[in-house]
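The two complexes that follow have subunit A in common; it is paired with subunit B in the first and with subunit C in the second.
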Partner chain A sequence: LTNTSISDAQEMETIWTILPAIILILIALPSLRILYLTDEINNPSFTIKSIGHQWYWTYEYTDYGGLIFNSYMLPPLFLEPGDLRLLDVDNRVVLPVEAPVRMMITSQDVLHSWTVPSLGLKTDAIPGRLNQTTFTATRPGVYYGQCSEICGANHSFMPIVLELIP
Partner chain B sequence: MAEDMETKLKNYKTAPFDSRFPNQNQTRNCWQNYLDFHRCQKAMTAKGGDISVCEWYQRVYQSLCPTSWVTDWDEQRAEGTFPGKI
Partner chain C sequence: MAPEVLPKPRMRGLLARRLRNHMAVAFVLSLGVAALYKFRVADRRKKAYADFYRNYDVMKDFEEMRKAGIFQSVK
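Then we have the complex of A and B:
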């Protein structure tokens, strides 16, 4: 009894390495093309900058002048009845509905990520880099999100709130 | 041309799509417009021309660039340590 039939299968091992690699490349290339295609060109009505800090966001509306403000999570002691714990902030990002908005996202210190799941938005805030995301909200209301890249002790306590007004 | 620029500035809403920078990373867009404004300003000042033609670049970089970046770059230019060529 020897193991000659179950060892030294060089050809088989080559095939079942190369073939899956080729299949994965054939999946990846169209996928990458679609990723870029879905980044559509739209002419935004205005641009808002969102800068991540430890542990709050700064928003800048500088198309017409210089409105700049910080957005901190409301501490539990400051919550009013009806406010959402860990989600509500002192200053919301106020936007109009039906207007294409361009968000420019960056960070002043470490990696963060600006997320609003109900609008399908998630963009990393990277220091030294300016990432663009565009969206057009169709329904008025208040939309919540939370920082989505680990950024230190209070990573869970720097939410994002968009208030969309008609 | 100058009249077109005036109309463009009057109707300015925000930085338009720039086909030189079509993707998510807009760092270079901000940087380039900042450089273009200051180069335009320097060239027009040297020629004794009207620097209001450079205002477009200023509006675009103000729309795109974080204020802290602009402040840092302005300080670097004042100190002579600005890395860009103006």
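Then we have the complex of A and C:
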């Protein structure tokens, strides 16, 4: 590693180019494997469509009949004691626990993002495109999220609430 | 008071020696930290999750939440 061997020295230059490349490949291969594993098909029990609007969400349960409803944030004047300001909605998304659920997410107008951080979910709602996310919740409860893509004046006022029930 | 005189370093090959030593130490240190993280953090976390879910009663948890009145769809 003296000056004579590290300047204009093809052998050293080759080694310290090839060796890091090999190391990076060794890191990338398991990483790509895991990436494709997370995209596995897990045979969801059912599918729900989530459509973003300015500034509310529409949910469609079309597997067993045609239930479609809008989910608006509860305005502060309509909150009851115990309700969470800027988080609670009028109609919650009710889902089963321990069953794989597929969410198909899109938007009617501008970009939105359907997010539930405590379930590790964030999927962009893009007009003209259907994005898919699947999850299996293990614990019952009420899970909150907020729109995560700037979508206009009331971007902060279109939350998501999931009710997970066994 | 005579100032202390440090021994003169061996100048020939100083950089090469330093680089070699540092590379060896860095390699051993990185392996050590990775192993420490795996056993003390990652494995402990996996065990904690496994222990929690081993005897987890979904219905009991759900009943407690239902009685607390947090659900809209079931009362």
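Some observations on this one:
In this text, the second predicted complex is superposed on the first by the 129 of 166 C-alpha atoms of A that agree within 3 Å, B and C clash if a C-alpha of one lies under 4 Å from a C-alpha of the other, contacts with A are read in each partner's own complex, and residues count from 1 in each chain.
Heads up, the rule we're going with is that contacts are C-beta pairs under 8 Å (C-beta built on N, C-alpha and C of every residue); 3 or more make two chains touch, one makes a residue touch a chain.
Please read all numbers here as calculations on a predicted model, not as lab measurements.
Subunit A has more of its residues touched by B than by the other of subunit B and subunit C. In the superposition on chain A, A:Arg139 makes contact with subunit C only, while subunit B stays out of contact range.
Of the two partner chains placed by the overlay, only subunit B lies in contact with A:Ser45; subunit C stays clear of it. Of the two partner chains, subunit C is the only one touched by A:Val94; subunit B is not. Once the two complexes are laid over each other on the shared chain, residue contacts for A:His155 go to neither subunit B nor subunit C. Applying the stated contact rule after C-alpha superposition, one finds that A:Asn131 touches subunit B and leaves subunit C untouched. Using the contact criterion defined above for the overlaid structures, shared-chain residue A:Lys122 touches neither subunit B nor subunit C, since it reaches no partner. In the superposition on chain A, A:His53 contacts neither subunit B nor subunit C.
For subunit B in complex with subunit A, the residues that touch the partner chain are 12-17, 22-27, 29-30, 62-68.
Here subunit A touches subunit B in the complex through residues 36, 39, 41-47, 49, 51, 60, 62-63, 66, 68, 102, 104, 106, 108, 123, 128-133, going by the rule given at the top.
By the touch criterion stated above, subunit C contacts subunit A in their complex at residues 13, 15-16, 19-20, 53, 56, 58-59, 61-62, 65, 69-74. Against subunit C, the residues of subunit A that register as touching in their complex are 1-2, 82, 92, 94, 97-98, 138-142, 163, 165-166.
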